[in-house]
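Order as written gives the chain letters A, B, C and D; numbering starts at 1 within each chain.
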Amino acid sequence: MPGNSFGKIFRLTTFGESHGVAIGGIIDGCPAGIPLDLEMIQQELDRRRPGQSAIVTQRKEPDTVEFLSGIFEGKTTGTPIGFEIRNANQKSKDYSHIKDTYRPSHADYTYDEKYGVRDYRGGGRSSARETASRVVAGSIAKQLLKDVKITAFVTSVGDMALKKPISELDFSEIEKNPVRCPDAEMAAKMEQFIKEIRSEGDTVGGVVECVISNVPKGLGEPVFDKLHAELGKAMLSINAVKGFEYGSGFEGTTMRGSEHNDQFNPDGTTKTNLSGGIQGGISNGMDIYFKVAFKPVATLMQKQQTINSSGEEVEMMGKGRHDPCVVPRAVPIVEAMAALVLADYFLQNKTSKI
Amino acid sequence: MPGNSFGKIFRLTTFGESHGVAIGGIIDGCPAGIPLDLEMIQQELDRRRPGQSAIVTQRKEPDTVEFLSGIFEGKTTGTPIGFEIRNANQKSKDYSHIKDTYRPSHADYTYDEKYGVRDYRGGGRSSARETASRVVAGSIAKQLLKDVKITAFVTSVGDMALKKPISELDFSEIEKNPVRCPDAEMAAKMEQFIKEIRSEGDTVGGVVECVISNVPKGLGEPVFDKLHAELGKAMLSINAVKGFEYGSGFEGTTMRGSEHNDQFNPDGTTKTNLSGGIQGGISNGMDIYFKVAFKPVATLMQKQQTINSSGEEVEMMGKGRHDPCVVPRAVPIVEAMAALVLADYFLQNKTSKI
Amino acid sequence: MPGNSFGKIFRLTTFGESHGVAIGGIIDGCPAGIPLDLEMIQQELDRRRPGQSAIVTQRKEPDTVEFLSGIFEGKTTGTPIGFEIRNANQKSKDYSHIKDTYRPSHADYTYDEKYGVRDYRGGGRSSARETASRVVAGSIAKQLLKDVKITAFVTSVGDMALKKPISELDFSEIEKNPVRCPDAEMAAKMEQFIKEIRSEGDTVGGVVECVISNVPKGLGEPVFDKLHAELGKAMLSINAVKGFEYGSGFEGTTMRGSEHNDQFNPDGTTKTNLSGGIQGGISNGMDIYFKVAFKPVATLMQKQQTINSSGEEVEMMGKGRHDPCVVPRAVPIVEAMAALVLADYFLQNKTSKI
Amino acid sequence: MPGNSFGKIFRLTTFGESHGVAIGGIIDGCPAGIPLDLEMIQQELDRRRPGQSAIVTQRKEPDTVEFLSGIFEGKTTGTPIGFEIRNANQKSKDYSHIKDTYRPSHADYTYDEKYGVRDYRGGGRSSARETASRVVAGSIAKQLLKDVKITAFVTSVGDMALKKPISELDFSEIEKNPVRCPDAEMAAKMEQFIKEIRSEGDTVGGVVECVISNVPKGLGEPVFDKLHAELGKAMLSINAVKGFEYGSGFEGTTMRGSEHNDQFNPDGTTKTNLSGGIQGGISNGMDIYFKVAFKPVATLMQKQQTINSSGEEVEMMGKGRHDPCVVPRAVPIVEAMAALVLADYFLQNKTSKI
């Protein structure tokens, strides 16, 4: 059953395995007349790219996107935007060590159970490489949304957590450090911690937060397609994500209604924003903010016990170059998915009244 | 834009406002040949019904479901199942106190912004009354799934949290107490706490957990429609939900890969289950478990400052009978949504291989 | 798999069997703020109703629609519009003559093959009774479209065909005769012919044409969702339809390009309209016109040889009161489906440019 | 709004303009485990290719497909199949003659009205070049369907019509003549006729018929998604199509029910097949057959009066190499679309009973 599309109107469908010929996608439903800054799209891809800093995987993938259709004389035409990113390292590496082996906490076993077959070259379709296509589409969504500002950043790595309120964070700091933490001091500690983890051949999880400002009112569709429900699905569809909360989140469950309710100002803004910019599934114009939990990367540079497809116990060890911590590179992916959700609801909302 | 449907194959569409003529829905795509226990469906509705215990709203809604189509001689026929629940209290109450007033942290303001019009009788479409239709459909989904066991329960109310591991919980306790907590002692405390909250005219949030056993392997669709992504969306679409996590969740972000990876047994089961029964978005046959965060109910029996639709500051106070804490009645709703997700993927999976 | 919905944005889902409790549906995605004339909806239903004239079935079905949601103070609210029509004759008739018998050229055999079970009471879900729900939704779509004028009429019954060009037809004549033919003389002949056919216990087919004026330009979506492709699907989904053509249709295949091309006037209108108001799948503002072929009704008041579900040859004879010719009552159904298609594209088109 | 996808489970999304970088598509939902014959796919493309005979356009497009994903070790993997066909002649031709000019009976005017912008290079997205992607996907659908035999052929060109019943046609003749007519004598006349038409710089329409044998019973979904409704939509979505009829079609409207009803044999087959293999929208196992009407190609090698985007009258003349008659090359496209429809319903049907 098709599961490789996202969005109802601004609709992305992606294809491609980590070590196939290419990955890419089609954006169908993008309105005509949007002037596209193609360099910005490549820059967003570069924020996600392997090898961009010392604390991410050192794999070499230039990740150059080629647009195949849907753009003419610098603008979108309303027809589908096809694009692809050729895989640089598609060839001939040796995968015999994982061909018949199920890597722990990877998707090898479940793909085999579901499909009876699996592209065993480096994760195949289950690889996070697929998210590069999301970044391409998300970058176009960002350009459609223009004035809306989507900012993601890292607030925790392992048990090192930045405990400042959003209003005290310095967003200009985010892209200045390889962790993408909006606090220089904490960023330095996190960077050091990730290096230690990597030196042990181990990995660690973390949390990405996202703040969206200048959101038009009225985005989101009751009942099942509430704005935060779709944001949640979008984030949970990113590889390695285990949780999502918005506004007051899990902490809000401990509060009383009298503390939690956001009082209105006469202009419709609210004095507090525990609602997280969404009420009844529909944006109210206040900032939307949410947190996304990423588990530690499953590929270790350590020996692990596991089984092969015959059910025999075997020992395996990660090869190649992998991320010790996924959150720094996840930041542009979270932003891209948020942009896809908002762009879609922005277009949906054009049909809500006569 | 349509947002009132859920599911791709086993597809529920709901209609109805809290104080309109009726609520109800259509289940399209239910396979033919399922023997339906209609009493079980009504029992599930009764688990969600107002007035079932001293700690929930004392409103009187019998919530009797009538099936209109799709069932013949006790079995589903493969044609759409239409059903409705007539509203007992649809008439003539006085809503003048909220007609032009935006209740804090409700959807009044956002509906007006989105649609330019709003059914102001008691929440209208944004009311949690809509979830009764989900329980009807979810009960049919449960019967489709037969051997799969879905069990939801309350693990926290305000800051009172049950900290036991799932394996130590006594599920037979859940329906014995009005809180639906699988621990008699904690349940009694929570019940007492909710009564105190109510006596203050206040409300409180809580957490519902859910465990799903006997899940067929292979459910879930990469990439965007991962099983946990859809479960997350399902839960986040329930009124008052602020967060969702599965498996190790937010706590898992603090762990190292070497601790977090689930080692395989030769039979494909895993020694631990931090993955939460899902790997790469596809079920692996282990128990699925997740947590859902509910904020405190926004309707207070206290005076609140707010604004009206002219932007004037006004004072308002809740009328009628409302839940001081939503989690006890949310338990069957969480189960229903989980059943809808699983039934849909169960049917989707029939098309995954030749 | 769900097949009971129509439309992407203005989306109708129907339920109900001919002899179940009720038929009805949900319209999801109807914009807020449309003032609804409920009497007009009932009038449209009356145009489709059995017993309206001497040449249609004399069954008694009042077909009174009740709206359950989505309308407040006379206007649509943007939330789903639920509605139902209770079945007057749902009870206790004797269907033993068709319970195990496959009526020729009906759907009895195929439903059994597909579902393994069938509601044998009078056609069940495959009955054209379901189209009453389409007329309800189509009537709302017409009110959404306001200035667009959709006019269907009968141009042939059996081999009696009205051969006048559309421009010479008198649309004011249509509702004056029971055949709904826009030519009084021909209508009288057709009426007489249908009476003869009925007296023989036989049935006959016919053609319904439809003209749509005042169509906004730009409706229709390339590539697969061309306006005429969706119109065609809509018409072919009506019971008993065997063919669809628009513009020059099958006759156009015999022409040369130099005859067939529509030359432009300076204002973008065309001198001829062999295109039928659609070019490249998108409306150009000229009149849309098309023809729909209806086969003769399969239920005869004659003895027929057939088989039962055990594969034994049996003799059967239609009971009850059936239409000798379906086209007079099909006219409002064709209009309703055309309205549903146009309303949907009208809303879709709001998203085509920035 | 997305209109570039076809199918619910076996789902094709296409992209690409006639003179852009590439055309191509993604097939999402193809089951895993289908052994793919890639040469057969290229052969199907060659049947559609320009330059294949003296009576089709002499443009040079090798139309070589490259698969980018979803196939591993010769089999489908269940993940999306991405593919592309690079455009050979994308560069630098002179389109100044049509840049601001609306070609009669083309989509130039309507695209401008809809999108406010248009890729004016040779038809852009509205070009029939897009159908090459359909042939790729249809060829895979054919391999999924294995035993089902789909055969399309030409039965009329202009007013030259083959009037033989299907049972008397020699299908082995079809690919032996450039017209693809299953009658050698008629084929020769048609070929001669097309050459004459071309020599006059004119074009002509025609009819393609299609017969599908060995269809599994039970395909098709009531109510809106009847098998023939979707077949109709599929065919009407092909460029230049003006009409669709199946089974007895328009001619069937002149018959009486007593002639038209198909009597059953004890094994469930029918003695006649005026139903066209479909009853109540569901296949009954008999041959499905239908006709598709193609209008004359709009591009003429003659002078035509038209207007430009400023509303000024201008004279234009077709350039380049175009088809004088589209039906010979339409044959594989009709087959491909039929295969896509059937493959989709084949998979949908897996979910119809428990």
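Operating definition for what follows: a residue touches a chain if its C-beta (ideal position, glycine included) is under 8 Å from a C-beta of that chain, and two chains touch if they have at least 3 such contacts.
For clarity, every value in this text was computed on a predicted model and none was experimentally measured.
A.B. asks: More than half of C-D's contact pairs recur, by residue number, in one of A-C, B-D or A-B. Which one?
C.D. replies: A-B
A.B. asks: Suppose each chain is reduced to the average of its Cα coordinates; what separation in Å results between chain A and chain C?
C.D. replies: Each chain's C-alpha centroid was found; their separation is 46 Å.
A.B. asks: In whole angstrom, what separates the CA-based centres of chain B and chain C?
C.D. replies: 39
A.B. asks: Two-or-more-chain contact residues of chain B, please, as numbers and ranges.
C.D. replies: 1-5, 8-9, 14, 29, 32-33, 78-79, 114-117, 125, 222, 348, 351-353
A.B. asks: Examine which chains touch each other and state the graph shape they make (line, ring, star, complete, other).
C.D. replies: complete
A.B. asks: Of all residues in chain D, which touch chain A in the complex?
C.D. replies: Spelled out, the residues of chain D in touch with chain A are 1-5, 8-9, 11, 13-17, 20-26, 28-29, 32-33, 66-70, 72, 75, 77-82, 84, 114-119, 124-125.
A.B. asks: Show me the residue ranges of chain A that touch chain C in the complex, using the header's touch definition.
C.D. replies: Listed in rising order, the residues of chain A that touch chain C are 9, 29, 31-34, 78-79, 144, 222, 347-348, 350-354.
A.B. asks: Under the definition above, what is the set of chain A residues touching chain B in their complex?
C.D. replies: 1-6, 8-9, 14, 102, 104-107, 109-111, 113-117, 125-126, 130, 156, 158-159, 197, 202-207, 217-218, 220-226, 228-230, 232-234, 236-237, 242-250, 252-268, 270, 274-276, 278-285, 291, 293-300, 302, 304-307, 311-313, 348-349, 351-353
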